[in-house]
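Take a look at the structures below.
There are two complexes below, and they share chain A, which is joined by chain B in the first and by chain C in the second.
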Partner chain A sequence: MIRRAGIALAITLFGLMFAGLVLHHVERRTLPPLGKRYVELVPQELGAANVVTGILLTYRGFDTLGEVAVLFMVAAGVGLVLDKRGRRNEGQRRGTRSPPRQASEIVRTGAQILLPLLAIFAAYIIMHGHLSAGGGFQGGAVLASGLVLSLFADPQQRLDQRFLSRTESAAGVLFVLVGVAGLLFAGGFLDSRVLPLGQFGAFFSAGSIPVLSVLLGIKVGCELSVIIDRFRT
Partner chain B sequence: MISTVVLTTGLTLLLIGLWGILRHRNILRIVIAFSLIGTGTHIVIVAIGYVENGTAAIIDRGLSAAEAPMRAVDPIPSALTVTAIVIGLAVTAIMLAFAIRLYEAKKTLSIDAFTESKW
Partner chain C sequence: MLELIGSLVILVGAAFNFSAGLGMLRMPDAYTRMQAGTKASTLGNALVLMGIACLHPEWTLKLLLVIYFVLMTNPISSHALARAAYRSQVPMTPQATVDALRDAREQSRGEA
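And then the complex of A and B:
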């Protein structure tokens, strides 16, 4: 009873606080100075149509690198927590468990049709990160969702962990190398102007942003795949 | 107007998540509540970046580079949200991994079974 009252009190107080936030919220009419500067600079300096991608991969590219490192650490951390050798009652559990059920025909056929489409869609999202809504993280997530579908269709299949981790490391090393190239040949670490900017809005434009996008997409896709695979028993 | 609606939605989700964490005893439900709080926060961040009658900060036929500073929404909260979504996913993955281990230890997902570190 006391607990319930405590919860109700806490929620009410938070609700009052949030209500105050909402009531005093005034919708912006103009961009704040920093946002305005980015909106002006990204098309001008970087030649990227998508301002958010320009910020993520160049002006705050270092943040993105750290974020990918976080994903990598999560993959490692989940592997550590769910380490199969460390489990005590592994054999006992396996003994009592019935053999996994086959996926239904609908799922298997659907996966066959959808998987190529998902792969193309992921590649499209990754490659158009500098032109329209999209980018490495989003495309990588679509790639990993395709992997989930294929795991649903065939639960028995084994993933080549070594291939995934090697691809991921290679993409990470190349990402840093492109960053260092920015340090040597342009304004600073991860500066995308190491490659020609090209024509604004064209497929090959915006310097090294599409390259970074692809590397990021591969890396995120591999990392998410590893995380998903670790959750399978 | 729009941003107020979105802000209210986000804060409501936050409240629901908070209530879920305090109210539920099942670890999986608590993980879901954490995700709700995360999602609510993302919505709040995006709502803060909205500019009246603004559109996405993508330069194309509908939004020329010259008029973008007047009509685009603030791109920084959007960029922050992309970061926050990835970190939210990472936190959820770690929480679920711990939930699996906790279940293996006590064969239950009720938080009441784990009293060792309670003071």
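And then the complex of A and C:
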């Protein structure tokens, strides 16, 4: 009875919340001043068709670097916590655990078909970050989801953690180096105009934004892969 | 005209997706919930995407790719979930009368 009343109360509160959102929502006809400035500046100064990526990788490039650093710390923290626990319980577990099963044929075949698709999709998202919605973070997440699928299909496979962490570090170092190049040869840290802007909307355009996007994609993909791998027992 | 057809197809798809949600809430055990969630939502999503293709014919190829992806992933993932549930002996609803997989296993064991 009390539980039901609680549920009813929760639903009513949610209803009120969403009603407030819906009733007070006013559609903006114009952009706020800052947004307007960005929308004008990004295609003009940076030559990027996707304004969001232009902001993320150039004007707010330093923030993006910080976000990647946060992700790196998450990976390190997960490694620290899970590694210890795994080591302690390993002796007890080994005796009771039944031999690992193979994934079913449907999953294995499905993974064979889907993995190339996922890889292409991830590469597309990463490389077209300056042209359409997407970019390094999103593409890296898709990459890591492909890894989850391949782990489902073959739970026995071992990931080369060292290779992953080295690739990730290399991508991070290159990212910072491109940033420093911006400091030396253009307007400031992570300024994307160190490379020629090219023709607006073309695949090779928008200065170093695609390069940064690819590095970010590799870095995020590797980091998430390491995190996922740590969660396996 | 095409717009009307597209809207109707989207509506039918939404109805299927709604029935999937209803099934998730109302079905008695994991397996029947899985069945409701998979079948109805696969068809529902495909119909919604086809409806969008009617409204925006220029997106048809991309939408077909998305439909292909849904058709590939949705059944496989629910197959994996159902298999994991069966293997870890998640109980069936008491109303269930047939366990064809168990029967087939016992039969093959009897023959061997």
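Quick note on the criterion: the second predicted complex is superposed on the first by the 203 of 233 C-alpha atoms of A that agree within 3 Å, B and C clash if a C-alpha of one lies under 4 Å from a C-alpha of the other, contacts with A are read in each partner's own complex, and residues count from 1 in each chain.
Assume a residue touches a chain if its C-beta (ideal position, glycine included) is under 8 Å from a C-beta of that chain, and two chains touch if they have at least 3 such contacts.
Predicted, not measured: the structure shown is a model, and the values here were computed from it.
In the superposition on chain A, A:122 contacts neither chain B nor chain C.
When the shared chain is aligned, chain C comes close enough to touch A:152, but chain B does not. In the superposition on chain A, A:35 contacts chain B only, with no contact to chain C. Put chain B and chain C next to each other and count what each touches on chain A; the higher total goes to B. Touch criterion met: A:106 reaches chain C, while chain B stays clear of it. When the two structures are aligned on the shared chain, A:114 is found in touch with chain C, with no touch to chain B.
Look at A:137: by the touch rule set out above, it reaches chain B but stays clear of chain C.
Interface residues of chain C facing chain A in the complex, by the touch rule stated above, are 69, 72-73, 76, 79-80, 83, 87.
Interface residues of chain A facing chain C in the complex, by the touch rule stated above, are 101, 103-104, 106-107, 110, 113-114, 117, 152. Of all the residues in chain A, the ones that touch chain B in their complex are 7, 10-11, 14-15, 18, 21-22, 25, 27-32, 34-36, 38-40, 42-44, 49-52, 55-56, 60, 63-64, 67, 70-71, 73-74, 77-78, 81-82, 87-89, 131-133, 135, 137, 200-201, 220, 227, 230-231.
Of all the residues in chain B, the ones that touch chain A in their complex are 1-4, 7-8, 11, 14-15, 18-19, 22-23, 49-52, 56-60, 65, 68-70, 72-76, 78-79, 82-83, 85-87, 90, 93-94, 96-98, 100-101, 104.
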